[in-house]
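By written order: A, B and C. Residues from 1 in each chain.
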Amino acid sequence: MADAIRTDSLSKSFVDFEAVIDVSLRVETNEIYGFLGPNGAGKTTTIMLLLGLERPTRGVAYLLDSPSHAREFAVRRRLGVLGERQVFFDDMTAREYLRFFGRLYSVGRIEQRIDVLLERVNLTHAADARARDFSRGMQQKLGLVRALLHDPELLILDEPVSALDPRGVVEVRELLHSELGRGKTVFISSHVLTEVEQLADRIGIMNKGRLMVEDTLDNIRQALQPETRIQIELAEPDRFPAAALLDLDFVSRTELRDGRLSVHLKGSASPEARAGVSRVVSQHGGVIVDMHAEQMTLEQAFVTITDEDVERLAA
Amino acid sequence: MGFDRRLGKGRLLAAWLVCHRELRGLLFSPGTYLVVLLAGLAAHLFLNTLAQSIADSGLAVLSGAFNLPIYSVLFVTGLFLALASVTSISREREQGTLEVLFYGPVDVAAYIGGKLVSFGLAYLGLLALYLVCYALFAGTTGFAFAMPTWAVIGLSIPVVMHVVALGTFVSTATRRVRASLAWFLLILLMLLALQFSPDLLELAPVSNRFYPPLRLARIVLERINLAFTWVSPFALLIKGTEAVRRADALLYVYTTAISSCSVLVLAAGSMYLMWKGGVRS
Amino acid sequence: MLHSRTFLLCLAVWLLLWSVPAVVVAQDPERRTELVYGVNAYIGGRYEGDFYPRSVDTIYLVADAISVVSPRYTEVYYWPITNREVADWARLNEPVEGVLEIRRRGRLVAGLEATDYVVQYPEGLDLSPAVVYLGEEAHRQWNHFDESRREFRDRVSAYYNDLVTYRQDLDDRIEAGTLEGEPDPPPREPEPFLYSSTEVNRGFPVELPAGSYTVQVRTADGEVQPGSRRRLKVFEPLSAGVAMWAIPHDRYTFPEKSDDEGEVLYLRRGTLAYLQPHAQEEYRDIHLTRLMDPQDTSGRPDLYQWLQTDEIQDGVLVVTQGTRVVDRIERRSYAVRQITGAALGYEIHDQATTDLERLRERRPDFQGYPVDTRALPTSFRVHLEDADGQLVPGSRRRVRVVRPDSEPWLAIVPYVPVVLALVFTGSRRRRFVRLPRDQE
């Protein structure tokens, strides 16, 4: 399957600093890619380089196999972009604004399409109000509608939920999942890590202009935290031979303390590992009352990766 | 963002939509109506004064009764459109709407082209409006639309577009509305100064051998002025007006052609600057 | 920092010194001896005399007509009131001896010897074209002029003697009571002496085709006289045309002039206007301005000027509407009478038809073609036809007869778009959906 986005050693230098350094990322077709990084990490510049709105100092970016420096209008029509800041043309209503872009992208049956999308983000009531009078959340939803209006193959979203209330977040999440279900690719740059954690198939984390890591969240966890721990609460802990678990390859050690059994695993607490532990406990007559894995959250991973001490990961 | 080699249907569509949006903005702008009012009042004042003068003295000789009103329209409308063009792109850049447009199937050629065409169409629309008013006046008074008047109207189109293209160029070269305005006014003042400084220096005592710096300054300004004769829209307007007066078709065509070429050069310069400088604020 | 301040201060003082009012200098003008060129330049049928100080390096002359240049030593000083360098001929006026060389692209075109010349206006200054006479002929014509002038003085003297005698005789007869009926007419005043001439002067007559040249004086020892080299620009008229003066019947002192065929002559309905055609030539503004005043640098190369020459005396004014000839108007002579008293103004009388004998007999004040709007359509064209029935180039004019008043309702026209704008934008704003406060 072809990559929806690919960059090769993409770099961008300004007069006094390097905003993006040798970024080589890859977004597969029909996946949601979370693009993370602290403020000033170079995320927005990378997006601008992808879109061809900034010219790279070095390297090249491909969107839908089209290089950024010679992008045809036909390819641009297959992109849907939501910028970080929502801006609207003077005095236009939401419907007029969407109509303008509908014509620009040669959307058929514009009015029908506008009505459907506004309905999906719950903005039908504001269709004929001036867009610049909208609340920030409404503006963000309107921007998303604009990005989806022409049914693009690839969505590039910069902070799509930052101004939304919880209900709005759910609406957008459902919208993006449904787009994914229709074979679309979504590239999300966001600070709302919980949202990315829930949505993204793969994640790329930028720091100081470099792409520190790019992988699935599980793999990133494993890379950051070689050992994970499963906490088990047993019905009769004193009768269970904890050493029996050491027969499992992926268990490094066990501890029984205060009636709770801690099992240290070599690697992540994958469903297979959890099933293995559970089976061994049952075979030795143990009754599991509660079991949960203590693994790294995306937030912890993010903080760890963007910490200067772990720059080694980038290697 | 790069230049597409062929001017395809998509680019034309994008240019037309940019143009349409700009025209729509002008249609709802109070400034447009203020300009129409000012130009209309000035034209009415000129025509009334002229009618009064003929009533008093019995006769008047004019190359066209509507020439002065046309010049007043040219001045007021041209200045308005120039200011609109000079703030147009930097304002969009400042607001971020420029970036949003370029996410989609829009490139610098479509955008700059659309902008310039919109200002041209706006001028033609306003001109048509004024001409209807003049026709009413001509019909009731007996004033004629003489050939020189049509020639001046024809000349005014490339000259206004020249100023608008200059405004667009400045707007593309700068990133803030204030800076655009400041630079544009500075350039206009410089062109005006070049136009009239030799005449002003003529008043200075340059023949006196005690004043060689002034003499030198005047010679230098005269030379620069001569060079700018073919660049400055003011100089081209004067040259074109002179061609109309002398019924010099060759000079008229030459002047309008130079003005039109300047529009193309400035448009190409604007495209290059935007391509080079990007669309972000 | 201190240094830069000192520098700026010095700069300011220096600039101030440069801009000290020239009047200060004028208190005691500094004179210098210079080689200047005195020029009697032909232009449009007459001669303009001026001098080119050393600071003006280009002499301007009209092509294919004799102009006379005369290099001389004189004292020059700057006169701030007129912002001009002035020659003090009274203190020094010494001709530069030698041959005047004229070169074009380095090649010698002419080597002229100085000769005597005189410029005359046989029919009077501004009334007839100037004629220049050279060499012996100059002296003959000067003598002729001098003789004519002496004869005129004699005629004037005789006239006054006759007048005294006539008055004396009239007084005697009145006193004696022998005056019966109309007295004899008084003696006729001699025609005014309009013949005009310069004195015989010496200079180099120059007659060249258009182009750029250099001039210099080569002395008898073969050397170029220092300070004598100047550029010489010889130009020709760009086109010929007809200036049409229009004199309104009731405002004799406010004529209007139309230079170009593109111009329209607007006449109030009921106006009678007299058209006076004059020949004219078109020149570049810079050429004509410099020729008229060598020290005037305001002339522009991209502007043009008409120079009116002679009144066109032959021909018929043809009035046309479309292709149809509406009228053919002959040139007529007019006398102007000043109205005294409260009315104060002028009356224009056709000398052929006026009842006033005094006006009939005197020399006409002007001649022209009467265009009477009462007898003509509201829109027509006029042109001049010469004696051969040919159109005189540049004489065509469009004439419109306009109403003296305009419709008052036209005053509201400029406001109509504003009213439309208010209605338009107002209705659009009303169509906007208003969001609840908490959603804005």
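As a working rule, a contact is a pair of C-beta atoms (placed from the backbone, for glycine too) under 8 Å apart; a residue touches a chain by one contact, two chains touch by 3 or more.
Being a predicted model, the structure only gives us computed values, none of them experimental.
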Of the chains shown, whose Cα mean is nearest the mean of all protein Cα atoms? B
Maximum distance between Cα centroids and chain A occurs for chain C
In whole angstrom, how far does the Cα centroid of chain A sit from the Cα centroid of chain C? 86
CA centre of chain B versus CA centre of chain C: separation in Å? 36
Centre distance in Å when chain A and chain B are each reduced to the mean of their C-alpha atoms: 51
Would you give the residues of chain B that are in contact with at least 2 other chains, written as numbers and ranges? 28
If a residue has to touch 2 or more other chains to count, which residues of chain C qualify? none
Can you name the residues of chain C that touch chain A in the complex? 431-435, 438-440
Provide the residue numbers of chain A that touch chain C in the complex, in ascending order. 93, 125-130, 133-135, 138
Within their complex, state which residues of chain B touch chain A. 1-2, 4, 8, 10-11, 13-14, 17, 21, 25, 28, 95-97, 99-100, 102-107, 278-280
Which of the residues in chain B end up touching chain C in this complex? 28, 30, 32-33, 36-37, 40-41, 43-44, 47-48, 51, 54-55, 57-65, 129, 133, 136-137, 140-144, 146-148, 198-199, 202-211, 213-214, 218, 222, 226, 229, 235, 238-239, 242, 244-247
Flag every residue of chain A that touches chain B in the complex, lowest number first. 48, 51-55, 68-74, 76-77, 79, 81, 83, 85, 87-91, 100-101, 103-106
